[in-house]
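Dropping the structure in here first, questions after.
As written, the chains take the letters A, B, C, D and E, and residue 1 is the first residue of each chain.
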Amino acid sequence: MRILWFVLSPLMALAVGLFFLGLSRRFMARIQWRVGPPLYQPLIDILRQFTQKSVSHGPLFDLGVVLSLASSFIVVLFMPLGGTAPLSSSGGLLAVLYLMLLGPLGIALSGGEAANPNVSIGISRKLILAVGYEVPFLMIVLALMTYYGTISIGEIVAAQRESASAIASFPLVFSGIAYLLILPAMLGVRPFEVVGAAQEISSGPAAEYGGPYLALATIQHGLTMFIGISLFVNLLWGGASNPVVFFLKMLVVFAFGFWVNAAFPRLRVEQAVRYLWRWPTLIAFVGLILVATIGR
Amino acid sequence: MSFLHDYVYYIGAFGLVAIGLLIILVKRNLIKLIIGLSILDTGVNMFLISVGYIRRGTAPIFSRPGLEPDGMVDPVPQALVLTAIVIGVAILALALALAVRFYKTYGTLDLRKAKELRW
Amino acid sequence: MDRNQLMKWIKAPTKMAHKYSLNAVYFCTGCGVIEVPPTITSRWDAERFGVVPTATARQANLFLITGYVSVKTLRAIIRTYEQMPEPKYTVGFGSCTINGGMYWDSYNTINQLDKYIPIDGYIAGCMPRPEAIFVAVTHLWTLIDKDMADGYKRYRKNYAAYRANQEMILGEMEWPPIFQTEVATAITEREG
Amino acid sequence: MVSPVLLLAVPLGLALCVPLVGRVSRRAAGFVPVIASLFNLVVSIRLLPTVLEEPIVANLGGFPPPFGITLFAGPVGMLLSALIALAGLVVSLYALSYIKTGPTVRYHTLYMLLLVGATGVVLTGDVFNLFVFFEILCISSYALVAYVGDRAGIEASVKYLIQGALGSALLLIGIGLLYGLFGTLNMADIAARIDSVDSVPVFVAMALIVVGLGVEAAIFPLNAWLPDAHSSAPSSISAILSGIAIQVGLYAVVRMVFTVFGASSVLLFFVFLGLLTLLIGELCAFAQNNIKRMLAYSSIGQMGLIMFALAIATTGSVTGGLFQMVSHTLSKALLFLAVGYMVYRSGSLEISSLEGMGRRMPLTSFAFTIGVFSLVGLPPFIGFPSKLLIVRSALAEQGVLLQVLIGLVLLATVIEGAYFFRVIQTVYFKKEEGQEARQDAPPMALLSMFVFVAFIVVIGVYPNLITDVLESGASELLERANYIGSVLG
Amino acid sequence: MSLGLLLIVAFGGSLLTYLLGKVSARTRDAFAVLISLALVVMVASLYGKAFRVPFYGGFLGMPLVLRIDGLSWLFAIAASVLGCLSVVFSLGYMKGKERTSFYYSMLLLVIAAMLGVVLSGDLLSLFIFWEIMSWSTFLLISYNGGPALAAGMKYFVMSFVGSLAMLAGVLTLHGSFGTLEFTGVAAGMSSASPGYVLAILVLFGVAFGTKNAIWPFHAWLPPAHSEAPSPFSAVLSGILIKMGVYGFLLLMFVIVGLRTFLSLGVGRIEFHTVLSIIGAITILLPTFIAIFQNDAKRLLAWSTVAQAGYIILGISFGTSLSVAGGMFHFLNHAVFKALLFMVVGAVEYRTNGVRDLDSLGGLIKRMPVTFIVAVIGVCGLIGVPLTNGFVSKWLIYKTLILERSPFLAFAALFGTWGTILYSYKFLHNIFLGQLPQRYEDMERAPFTMLLPMTILSVVVVLFGVLPGIPLAVIDTIGVSFGFESLHVTPWGIASDTGALNTVNMLVAALVGLVVVWCVFRSGARSVSVGQADSYAAGAAVPRDKYQYSVRFYAPLRRMMAPYLKDFVDSFYMRLAGWVRGLGDGLRRIYTGYVGDYVMYILVFLAVLIFVQIAWSPW
């Protein structure tokens, strides 16, 4: 069963990630009173990109993208997607936190070799933004780990299944709210879209990507969304007993995120960090203090 | 009056010492200062002598029979003073020699002008 | 999606993907660009055909040259075109790109764009309306289907000539030839 | 058996021979101090084991104490006499090449008189004799400070003379008072009867003597002459003044306070005074740009430290203080010797002018570095065990006060380290503009420096070589009764 | 293998190296390498031994003893290996520099002194070697001249303050227990009053903390690390400052003892918690200062301070996991930070001393191997899984979380995110981006530089994939301190809650990479282009102007700069200014006029007599 999950969960993540990409375009189009592309448009795009003959700036340029995508897949292996996680006993949530870095880091290394200042600016923004949302995010994660006394995602899910889900229990509700407040930043959607500001810095880190590189980057983006949402579902919403329920829960969270995306304009990076370090941090901090003092 | 009578030498000695000190303190001319030192020395020497002096005492020489050691002037301070005077002269000579060099170098004897070495 | 289309999908997925995912470079040359915003926003919504603007040349496969091309812009157009990954398609907008249009005798505008880069199709008019853009897109689909949208191949094949033309009008160019150019020098010498 | 009298008589006689020898050969005159110091060194070292068992009391003229003049050769006296002889020997070797111009014969005469005076001070057991030797020491040093005869030398010498003369006058008054009180000049005799008289006049006498000697010993408010004199004198004389003269002054103070007056109640005051001297010396040195002046201020600081250690008055601390005396003599004399040639080559006293010396005079700079390391108290050099002993003994005392004070002492050490290491950096690591050819000090000077270096390293690694002497010296200083007993019999 | 012989070889080697330098430079180089290699071999042969040898009868009545056990072996092997690699690295780096004999001799002396420190069996010899280490380090820091002088001065003063505090501590202990041997002192400490133990801990803590650069004693480190010659910076950052860690470990767990240490405190404030908090501050503040540095070595130096914070946090938190994590992190930091300093050294070497992050770039094209090792080092620094930094940090985080100290864990984790920022900046500004024209013809780093860097980078990965190798050694040390065993497996830790398994991760990573790579290669082949072919909005790439590296994190800087002043450092500088001002004011009492001096003498005399007559305090 576990071996099966090794194959299944990346595929599921891929499918759901691409579905989310398509859904988001469609969703946005509907909100903007447009018809919008078909749901499978990302697939077409990726196929097109895969067959385009792009340029490579060096070995690292290739390797970085590959590394980024591979690490995203590995993160997925740590996620119980309505079942057990394939890599549940290899470092737990702490390893996930680190592996989540590798995605942006791979892109950053690869983009760095492209020697394009737009890329550099985009990466600089990405890293700054990451520092912005990591403050509340770490507080949330730490509150959860401290509350449940474990670093394993599976055990957190299991613990929630015994009692209420975290977002519905008293001290953790703050963490839940804070997570929702930073969710757009983690997904990289408006109002925190300044990283790849297309009109300003030519889509930032992806400025030099064309062809297969862009395809991998797109998939990586989809997986990032998948991971961000599934973390929320797992950590705060009690996970799920089977993939379908899990998917449905993810859909709800996704809808929230994209509602925000459609409704708000873009923030400058300082504004974004300032926001992230104000309300979400404050709420997450309150949650963390409550967890540390009251406990379970 | 007996206080004065008993201590007149001490008073004189310390008077000289005080004058010497005062001169050293307030005078800025090197020669005058050396004079002050000299007076100070004299005062000190006088003090030493007075320590051993006994009024109407005899010289500490058993030159004739019947002389009691009690009535004798203490010879040790005198020996000391002799040495001290010699030393004082040595210092004086050195000081005066230096004063000459000082004047040659600075063109003045005013010590206030010689403040190159400070801090 | 009708049956024919489905069959085509199965037969040549790449070609279909190229058809239905036309990403256009953000590139505004002349007055024609004013027609692009309505095209991609709610009124006409080009995205339903997979046509979206992209930020950089690297990500695009469609180049809309929207209007007259001054000499200065030409340099940028050539550079941008060369940086697009193949396969790539170009569409000239309006009369200006065809023969110079109202700027035919201007000292600073080129008259015939396809001397410098290959053009897969033109949209006539001054200016063409958004609907005309859709017509162009569907026409391009047909061309792709028939493998006739082969501008990039022509460019590669006749690069020497194109480069010579480019250098004729632009003088010394800041970037080296992207393909082999021994022939190019020969042509220029012969012409000169 | 060799009598300690020889330690005084032979050099004194030789000192008076120097002018005669000088008539024959000016060069030969320079070797007389070498011979005399070597003799003293040999005799002192030969006497040391004897002295450790029992102090030698030599009565001049055959009068038994308290009547005649007594020479008391205890461990401290012998140690310091050996130290004086050692420093004298090395510095006179140095002077062979360093003192080339001017009235060299007179230099050597005065130099020997200085050594005789110093040796006399540490060996004498008689208060007035102390004064006399002290004056010999002082007068010759006044003259030597002005040896070069430049502006600074004359000025420093005049100032030194005025303060010194004032100090000796006060000292003499104090001695007179003592004599008036006790009718004797023998230290042991006075010490034996110190409690028999009213304390106020004794205190006044003590104050006068301490102030009089303190001028030479560089105790804080009395030390204004020191930076001037030490910085203006020829470097060989600076080395002797810093290494020997002020330490001898301090020894005299300690001898008077410890042995003669037995004034254990004022020791706390001396602890504070020592600390004050230390802090002020180090702080002033920290702000100096003149290398020799900096060394001079550092000497003040070191005197403060030694006084601090001695005034704590436990066996350990006095041992530490004596050890520090040894280490200061070796290190500071070495520093002055090294700086002498460095300054000579660079032609300026500014620290900044020493840039690039590490390349121009590598061996001299090396010796300088060793001296600095030792003085700052870094292992494995001699300054380390001495400071270690001081701190250890101070910490062994119960009481918060001393622990706070030792903290201040350590702080002063930090300041000392800071300004010395700045010089090291200047010497080695500052990039100078013009590369000048390598030109080290002459071999004789280098030899003398490296004698010190050898001592610094060897004693630094094996401090136990001298701790026995130091410990018995400490007990000699601390136990008055033994002293009195051994002199008066 | 006797310890005395080891030290004689070490110290004698240093001296001989200097003398040999007078004969022939080549012989000296060979000899230096040989000596350092010999040290590695000798230390390695001592693995697993534990014994003591007195080597000096009595230094002022205090016998000096050498000893070896697991703890000291760990530090000794790290010191000797890093020293050896640094010497090898220096062969290239120091070529053509002046005073190389001095340099090699001092480098070996520092190594020797470090070995002495870790092999000492009593506190006095520890102190002696400590001081030798301090002054030799000072000389090496000052070696470059210019700004290095101020750096050296700062180092010396701070370290001297520390070592004097240590001296006071050592001698207090001697006064109390009459012995300085660790076992004897430990026996005495077990019955000492808590206040006493605390005082001792604070005194020693100042010394060790200064060396280890924990806040607020870190001020010397950034300038010293950045101004020292790069191979020595590697030693300095890699192992020398870890002597502080060694000291802490020794003090806390050997001398004071685990149980006493954990229960120590004033009221409800526990000492070890305070130390942990200091560790957390040491992580946070320097990390964010490092982000805004423009000097490659200064950036790394601040990073060193921050990483030292992890180590202190780990060992002071006092659980078996955290102490193992702290010790492991010390080892890892030694490896990857030395590696990174060497990388900067190689870059400096090829660019003639440029280490300004704003003016470098694109060197990946010219120094690919250096770049690869730099990436590995940076990954270790960040703690990317499958590098060594991950495991040690993971241990620390895990215990912090399980022991319910989320705030400390937050500091540690957040510090990692800061680490990503500065280490990416480091990589980007040196190696990525456009290659300036002046470096077009640059050569690769020479072999003598590549060799040590490669070895270190292999170690980074090896310890990341098989953390069990070092952890086994560390675990035995932990057990000797009185901690529970960790159940180390070669690939991690088998414990009940959230075990670590690096092999799983390795397999997953490899499979993932291979799969994605295959997918990637199945797409259209790409054309390889140079840096000139970069998207520049339709224009040609302008030469030497197409780079974004100056003020890399400008938006964040605008936000944070006001809060990131190193106020500790400015306080120290002001303090130094005050001391100088005080000295300057004080020396004005020596007015130069002799009348004043006479007055001082007389006033002093008068005061003495007056005080006696008026109050007769004596």
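FYI, contacts are C-beta pairs under 8 Å (C-beta built on N, C-alpha and C of every residue); 3 or more make two chains touch, one makes a residue touch a chain.
None of these values were measured; they are calculated from a predicted model.
Chemist: Everything stays put except that chain C is ignored; which chain groups still touch one another?
Modeler: Chain C out, touching clusters collapse to one piece.
Chemist: Which chains lie in contact with each of chain C and chain E?
Modeler: A
Chemist: From the Cα centroids, identify the chain that ends up most central relative to all protein Cα atoms.
Modeler: E
Chemist: Please flag the chain sitting at the greatest distance from chain C, going by CA centroids.
Modeler: B
Chemist: Roughly how far is chain A from chain D, going centre to centre by Cα mean, in whole Å?
Modeler: Roughly 77 Å separates the two chain centres.
Chemist: Measuring from the mean C-alpha position of chain A to the mean C-alpha position of chain E, what distance in angstrom results?
Modeler: 36
Chemist: If you average the Cα atoms of chain D and of chain E to get two centres, how far apart are those centres in Å?
Modeler: From the centre of chain D to the centre of chain E is 43 Å.
Chemist: Quick one: chain B and chain E, Cα centre-to-centre, how many Å?
Modeler: Distance between chain centres: 68 Å.
Chemist: Got the chain E residues that touch at least 2 other chains?
Modeler: 524, 533, 535-537, 587, 590, 594, 598, in rising order.
Chemist: Tell me, which residues of chain A touch at least two other chains?
Modeler: Expected reply: 49, 51-55, 118, 202, 207-208, 211.
Chemist: Which residues belonging to chain C are in contact with no fewer than two other chains?
Modeler: Residue numbers touching two or more other chains: 56-58, 83, 85.
Chemist: Would you please name all pairs of chains that touch?
Modeler: Those chain pairs satisfying the definition are A-C, A-E, B-D, B-E, C-E, D-E.
Chemist: Hey, which residues of chain A end up touching chain E in the complex?
Modeler: Chain A residues touching chain E: 49-58, 60, 62, 65-67, 69-71, 73-74, 77, 86-87, 89-95, 97-99, 101-102, 105, 108-109, 112-118, 120-121, 123-125, 127-128, 130-131, 134-135, 138-139, 142-143, 145-146, 149-152, 155, 202, 207-208, 211-213, 215-216, 268-270, 273-274, 288, 291-292, 295.
Chemist: Where on chain D does chain B make contact in their complex?
Modeler: Checking each residue of chain D against chain B gives 128, 131-132, 135, 139, 142-143, 146, 149, 151-152, 154-159, 161-162, 165-166, 168-169, 172-173, 175-177, 179-180, 183, 185, 227-228, 231-232, 284.
Chemist: Within the complex, which stretch of chain E touches chain A?
Modeler: So the residues of chain E touching chain A come out as 362, 364-365, 371, 375, 382-385, 390, 394, 397-398, 401-402, 404, 406-407, 409-410, 413-414, 416-418, 420-421, 424, 427-428, 431-435, 492, 497-502, 504-505, 508-509, 512-513, 515-517, 519-520, 522-529, 531, 533-537, 546-549, 552-556, 558-559.
Chemist: Please output the residues of chain B touching chain D within their complex, sorted ascending.
Modeler: The touching residues are 17, 20-21, 24, 30, 33, 37, 40-41, 44, 47-48, 51-52, 74, 76-77, 80, 83-84, 87, 90-91, 94-95, 98-99, 101-102, 105-106, 111, 114, 116-119.
Chemist: Could you please specify the touching residues of chain C with respect to chain E in the complex?
Modeler: Contact set of chain C toward chain E: 27, 56-58, 75-77, 79-80, 83, 85, 173-176, 178.
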